[in-house]
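Shown next, in structure tokens, is the structure this report addresses.
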Amino acid sequence: MSTVKLPANPEADPRVKAVFDDIRATRKSDFINNVWRYLAFDPPLLDSVWRDVKAVMATPSALDPLTKEMLYIAVSVANGCGYCVHSHTAAARAKGMTPAQHAELLSIVALAGKTNHLATALQVPVDASFDQDHCRA
Amino acid sequence: MSTVKLPANPEADPRVKAVFDDIRATRKSDFINNVWRYLAFDPPLLDSVWRDVKAVMATPSALDPLTKEMLYIAVSVANGCGYCVHSHTAAARAKGMTPAQHAELLSIVALAGKTNHLATALQVPVDASFDQDHCRA
Amino acid sequence: MSTVKLPANPEADPRVKAVFDDIRATRKSDFINNVWRYLAFDPPLLDSVWRDVKAVMATPSALDPLTKEMLYIAVSVANGCGYCVHSHTAAARAKGMTPAQHAELLSIVALAGKTNHLATALQVPVDASFDQDHCRA
Amino acid sequence: MSTVKLPANPEADPRVKAVFDDIRATRKSDFINNVWRYLAFDPPLLDSVWRDVKAVMATPSALDPLTKEMLYIAVSVANGCGYCVHSHTAAARAKGMTPAQHAELLSIVALAGKTNHLATALQVPVDASFDQDHCRA
Amino acid sequence: MSTVKLPANPEADPRVKAVFDDIRATRKSDFINNVWRYLAFDPPLLDSVWRDVKAVMATPSALDPLTKEMLYIAVSVANGCGYCVHSHTAAARAKGMTPAQHAELLSIVALAGKTNHLATALQVPVDASFDQDHCRA
Amino acid sequence: MSTVKLPANPEADPRVKAVFDDIRATRKSDFINNVWRYLAFDPPLLDSVWRDVKAVMATPSALDPLTKEMLYIAVSVANGCGYCVHSHTAAARAKGMTPAQHAELLSIVALAGKTNHLATALQVPVDASFDQDHCRA
């Protein structure tokens, strides 16, 4: 069940084909997962989202690829996005996440959920020493 | 401004003193940040939360300490907990997070926020290949 | 799957029938979607929710009906309510939302998700010029 | 800092005065807290919100007044509404919430935050026995 | 569909068997619901989560068992955790929650959702009288 | 209070100057609000976020500028981002939002918050007629 109709033959549109080809080349895989196939209902939106994902997630950077996927999972869990939890857990596993690392990721996410609720319930004031910024006007 | 009164002399209670001493010993620092000082309004709750945090965050494990702090930040941002964003950004910095790593963390958290909203707006169905579980009753 | 049993013959209760009749008359349609049929497990709650929805969404006002549905979708996405995303996307489409407008709505919702996360991660202080209220006691 | 200007003399408008008088009479107190004073920028909105709050929170019902305030706090914490956490914690305290009850409320809210994150991270399928509804069309 | 494989014979691991036995004994029921069966993919995590749930939810305390379940539901709804809403609604019903109490719980949760959004949209400043803490450094 | 230090003289970096100049030219105003001044701690992140905001919010499109700002507010409220609620309320006002439109926006956001919570609490199944997609594999 989705809120837009899955395009029947999305790659008939050359803009979609260009993005799908780039996804396949970047990931070295023929598999195009559903979020891209649904986003194809609007080729400019598809293009812009893929560009953003490629720049952040598929370009060598200061953080290693597995850490990046685990951060993505952490945010997706907190935001309650079931699709994203699934797709990024699969991606993390493909990048070598072990069951022990998965369990540890879950224990950190769960603990943060717990203490986030506590700090909000207490309305704890921020310690002055945490402030990076003593000179704002 | 908080919803409980900051205990005036919390370490007069030996249960609070035991926890604060363990925080100082574990972190090799005299600084006790506000969330612990406010949680001291209920010593058993303080003890139970610290036990949980110590076991997950201050015990050697499959993930390195900086990665763990960054995961904590990611969840805290998505949950909108200002105090936790501050305290764990300070902790990540103390564990060596560089400005470049911080910026990259922010770009991943922001991207996840974006695609989480998109997948939810589209109500994308989960790809069958993501399912780890084909045999549930 | 739901947490209350769908009432078998809800309109046998005259309080439910009155609400359902008003929904049909207001919307000029015989279709009663599921949220109303489930809410019928408690007729006073059903009545109070419908009254609220009718006053805000089905009464001519400063904003046009399509804009109102798009605002409803935006909140429902951010709150992660799948049912509401579905029902208000259907309503927006019935009120004339084009695929281009839908794509643009999605791009705004996604961008807001992104910058909301960034501003929270940075804990950006509010600019003084945004404050509407310089005289609170 | 707020997004609307605090009305200078809100009770000059008889619609606002009527609501404020009813708040004072219902609560047997002269204190009008800020959310009502700011909502007075739009008297019909003020009236409609107060009506809703009065019907649910200030009318004798199946749940006792303290339980109702604690439920309100629980939702407000999970939604990250600082103002609401403050106002309903004050209300719960005025209705007799002891420090021990407050601490227990916090421990339940924190635990729910933890297991909510875990169940979402695991994408646990709902047990068939939890379904109240085997006959939906 | 889940993100970890449901362990085929989880009680072959004595650590899992010990937890499941304690769940059955504590609840006086043979039924082990899915969240525990999936958490069994990592026995230490299972053990630690159950310990936490047992201490907070299955130990006599200042709040009665039904109130505790309703608080759990309230948080789970606000966090959008479908599994948790289902499991704790079933638990509340098992502990005597009537349809009228359920409807009232829903009306409070819904009202809190409404006013949480309003207070956030207005950015209402917290009333000075709500502050419990006039002496923080 | 923020988690990064406000750069002292950000436009000394030509990458920051280029973005700030474009913000001023696009908005026809000298005012650079805080989120951009803090994002300047990482010029590539600043550049990428501004590009995204400019493309979606400051380019003529299917939706009018005021509607777009109101949608941004709606998402920001639901995500609990105080800074974003402030900045986009100011932007909407600058684009002509009247107090009556503001009040109506708030009433829709509040109503959506209410029914989002109800639909989640009930776990209402999505009506078959809402599905746009009957042919997914």
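Order as written gives the chain letters A, B, C, D, E and F; numbering starts at 1 within each chain.
Operating definition for what follows: a residue touches a chain if its C-beta (ideal position, glycine included) is under 8 Å from a C-beta of that chain, and two chains touch if they have at least 3 such contacts.
These numbers were taken from a predicted model, which means no experiment stands behind them.
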item: Topological distance between chain B and chain D, in contact steps; value: 1
item: Reference chain E; chain at largest CA-centroid distance; value: F
item: Pair with more cross-chain C-beta pairs in contact, given A-D and A-F; value: A-D
item: Farthest-lying chain, centroid of Cα atoms versus that of chain C; value: B
item: Same or different residue numbers at the chain C/chain F copy interface, by half rule; value: same
item: Computed distance of Cα centres, chain F from chain D, in Å; value: 26
item: Residues within chain A bordering two or more other chains; value: 1-4, 34, 48-49, 52, 75, 77-82, 85-86, 89, 100, 105-107, 109-118, 120-123, 125-126, 130-131, 133, 136
item: Of all residues in chain F, those that touch chain A in their complex; value: 1-6, 8, 34, 48, 52, 55, 126, 130-133, 135-136
item: Interfacial residue positions of chain E with respect to chain A in the complex; value: 1, 3-4, 41-42, 44-45, 48-49, 75, 79-81, 133, 136-137
item: Touch list for chain C against partner chain B, complex; value: 73, 77-78, 80, 82, 85-86, 105-106, 109-118, 120-123
item: Of all residues in chain A, those that touch chain E in their complex; value: 80, 85-86, 89, 99-100, 102-103, 106-107, 110, 117, 125, 128
item: Partner chain F, residues of chain C touching it in the complex; value: 1-4, 31, 33-35, 38-39, 49, 52-53, 56-57, 61-63, 67-68, 70-72, 74-84, 86-87, 89-90, 98, 100-101, 104-105, 107-109, 111-127, 129-131
